[in-house]
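Take a look at the structures below.
Next come two complexes, and both contain chain A; in the first it sits with chain B, in the second with chain C.
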Partner chain A sequence: MWYGIGNTGLPNPAAAFVEVLGDATANLMFGAADIGQGSGTTMTQIAAEALGLSYEKVRVTWGDTRVTPDGGATSASRQTLITGNAVLKACEQAKETLAGVAAAYLGCQPEELEFSQNTVTKIDDATVTMTYKTLMAEMKAAGKMAVGAGYYNPTTTTLDPNDMSGIPYEVYSYATTICEVEVDTETGEVDVLKVVSAHDVGQTINQSMAEGQIEGGVVMGQGFVLMEEIEVSEKDGSIKNPIFSKYIIPSNLDVPEIYPILVESEGGPGPFGAKGVGEPALIPIIPAIVAAIEDALNVQFTKLPVFPKDIVAAVKEKEAADKNKNN
Partner chain B sequence: MKAFEFFAPKTLAEAKGLLNQYGESAAILAGGTDIVIEMNEGHRKPDVVIDIKKLKDLAYVRIEGSKIHIGALTTFEMISSDPVIRERVRVLAEAASKVGSPQIRSLGTIGGNLATASVAGDGVSAMMTLNASVVLDSVRGQRQMPLAEFLDGQGVSSRNALLADEIMTEVFFEMPDNHTATAFYKLAKRKSLAISVIGAGMLVQVDGAGICIKASMRGGCLARYPLHFKAAEEHLIGNKISIDLLEETLPMLHDAVYESAKSRPWSVFYKKESVQGVYRKLFAAILEQLNGKSYE
Partner chain C sequence: MNKISISLNLNGTDRTILVYPNRRVVDLLREDFKLTSVKEGCSEGECGACTVIFNGDAVTTCCMLAGQADQSTIITLEGLAKDGELDLLQQCFLDEGAVQCGYCTPGMILAAKALLLKNQSPTEAQIKLAMSGNLCRCTGYQKIHAAVKSAVVIYKDKMAQGGESID
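Showing the complex of A and B:
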């Protein structure tokens, strides 16, 4: 599978603000809504890495329209790429001021400095170093403030309305998913046993969260293929199963063994080369499960979901067809 | 939810007194896994709720002579973890262990399951397979009856024979002996928190020569109460149990389900086909148990 990151052929920017404070901690602000995928953690890690502060030193305010800049929707697998780059740009702006003050104090050029682990050090001479706290005291003495604002809009073009040509996405994620199923041909039950899902994420920002997203995507896709269906009343169009006791999704006991694999490629324009994995995690498992069922039964399914009754019907049909062939 | 008066009696006598006093306006709350939902959704609006959770004396699994007695307040968790039931009564252990989720099994009771008498009650299917009987109690005295008769009865609700002043106190059944095998399979849309599509039970008793002397096959969710596969049972009795003999009953299961469910065309195709797959699993479990027993 290959899948574009960000909105299709449309501008979709996001922004971030940052300030490094006198006590060598930072305030980071961005609009991206964390809906459980962990963008708050990811952006904090990106800012900490960019500023050379430890993770705990970065405080985050996100998704508050009174104070945070717009982050656009948490959709299209886009926040790591787009808000991530905005955070990086904001931090780079703040760091430019910091580096100037540090270089003057240490007697070198700003580009010779490395910011890491709450310390500023000359790259080729570790003895030329200062703590972030000393740096912030120097900033105060110089009457300077370490603030930054950044926004990022992926490079795309509007698609040609006639032939859809153009550049719809700046970055693509790639994935391969393999799964093993057991199909009961008499009851139509499908047991998803094992799933291996490998994703080119460019650069992993947070391993546990990226793996968690892949695992969550696998289970969501499993539900899409095998269980989920919105039942609509023919009488008045209302949804007949609007509660989770009737709208069936996989339970913990249905979850297969999942082996997520993170592939780090050359990346591209994302922060440190990172791409998105939100939707890519979900998509390839869907055809993988269907293909596994088809491989087990030697029949084809052309619509989702594939319910046990559909499997039993397909098996019966095939048996009848095979019998006719032999006669 | 409509307001109601709430009582939590500490003794059975007290509970029976309250039921006698409030009758039809009262609802019994045991585990609450059915009635709380029914009340929340407005399907039931009792004036009085009698919470019997404090009647701890009604939670037990007891062996008396050749019978196993289970108190009405015994939870599915207690049943599925009881060593005697796990060893001797697989049909019940399996049914109890597949009810809902750990949370529901810790609250839901066998008495509540039988009194609610849902089409999809796995406890109902298992107990019908075991030809269980229930004990009903009231200030007027105790009575007992086969579960089948209980389910056929017209009491305070059309669901069963329970009268307005009565409380179920016990369910009991003949303990399967060394020559008896039992099994249960729950066919459902997922592996937990699922309402059964078919909840199938089976019991087979053989003599020393492996000849079937008793057979019980009941399929939940295939009729208002667990479907009785009489033709299949009769086919087994008097014959030596083998995989071939057992599989000869598959068309009978198919036909029985078709007869029972043909008025519901959207579900009959799948149910009449899948019931065969379900029973094939039970046959394997039954044969495995019987073969194991022959070495005892």
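Showing the complex of A and C:
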């Protein structure tokens, strides 16, 4: 599977603010809403890495429209790429001021310095070094402030309405999902036994969270194939099964063994080369499960979900067809 | 309708409160006692978000009326951490990355806690069964299982070294 990251062929920027304070901690602010995928952690990690501060030194405020800049929607697998780059740009701006002051103090050029682990060090001479706290004292003495604002809009073009040509996405995520299923031909029940889901995430920012996204996506996709169907009333358009006793989603007894694999490709426009995995995590398991059922039964399914009754019907139909062929 | 007096042991403290008899326990806990770790999800006992430990069992409080809580012992997530130190299960959920949006987390932890209070070395199948009433849409359940299994292992080690009991 390959899947575009960000809104399709439309501008969809996001922004971030940062300030490094006198005690060598930073305030980071961005609009991106964390709905459990972990963008708060991801952006904090990106800022810490970019500023050379340890993770604990970065305080984050997100999704508060009184103070944070717009981050656009948490959708389209876009926040790591877009808000991530905005955070990086904001930090680079703050760092430009910091590097100028540090270079003057250490007697070298700003581009010769490395910011890492709450310390500023000359890249080719580790003895030329200062702590971040010393740097912030120098900043104070010089009357300078380490602030940065950044925004990022992925490079896309609108699509030509005649032939849909253009550049809909700046970057794509790639994934392959393999699964093993057991199909009970008598009852039509499908057990998803094992799933291996490999995703090119560009650069992993947080391994545990990226794996969590993939595992969650696999199970949501499993539900989409085997269990979940919104029933709509033909009379008034209302949803007939808006409750969990009628709309069954996978429980922990349904889930397979899941083996997420993170593949790191080089480069790409995202922060440190990172790309989104939110939607890519969900999508490839869907055709993978259907293909596995088809492989087991040698029949084809052309609509979702594939319920036990559909499998029993398909098995019977195939048996009848095979019988006719043999007669 | 007249209010009734409910007395219960809530997170280790004896409490008495006057409530209408048709008040649900989830509302009693969230609104009257301000224990907002108790989440309301489906309101029909299917999702497990409002799980608490009620007289030693994991139960869904959206389907219970206040009268049922009289003379009971209830533990919510707020009752697990002691002296600022997280319960072993809470720590394992953190360490394993078992929390995403977090809405199912209090119920998940309490379902696991209720199991471990009764059975300190559960099998994998017993863990799964005990937590099967708690739905999660984010995690795919893998890291939640890893967290509970890890807690079981750590707890066994602690007991082998003469540690304290699980409660």
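We adopt the following convention: the second predicted complex is superposed on the first by the 326 of 327 C-alpha atoms of A that agree within 3 Å, B and C clash if a C-alpha of one lies under 4 Å from a C-alpha of the other, contacts with A are read in each partner's own complex, and residues count from 1 in each chain.
Rule of thumb we're sticking to: contacts are C-beta pairs under 8 Å (C-beta built on N, C-alpha and C of every residue); 3 or more make two chains touch, one makes a residue touch a chain.
These numbers were taken from a predicted model, which means no experiment stands behind them.
Of the two partner chains placed around the shared chain by superposition, chain B is the only one that A:188 touches, whereas chain C remains out of contact. In the superposed model, A:313 makes contact with chain B only, not with chain C. By the document's definition of touching, of the two partners only chain B reaches A:227; chain C does not.
By the touch criterion defined above, A:253 lies against chain B and chain C together after alignment on the C-alpha atoms of chain A.
Of the two partner chains placed by superposition, only chain C is touched by A:209; chain B is not.
More chain A residues lie in contact with C than with the other chain of the pair chain B and chain C.
Residue contacts after overlaying the shared chain place A:38 against chain C, while chain B stays out of touching range.
Once the two complexes are laid over each other on the shared chain, residue contacts for A:217 go to chain C alone; chain B is not touched. In the superposition on chain A, the residues of chain A contacted by chain B and by chain C overlap at 245, 251-253. Within the complex, the chain B residues that touch chain A are 101, 187, 189-194, 197, 269-270, 273-274, 276-278, 280.
Residues 184-189, 227, 245, 248, 250-254, 308-309, 312-313, 316 of chain A touch chain B in their complex. Taken in their complex, chain C has these residues touching chain A: 41-42, 44, 46-47, 96-97, 99-102, 128-129, 131-145.
Residues 35-38, 208-209, 211-212, 214-220, 243-245, 249, 251-253, 255, 258 of chain A are the ones that touch chain C when the two sit in their complex.
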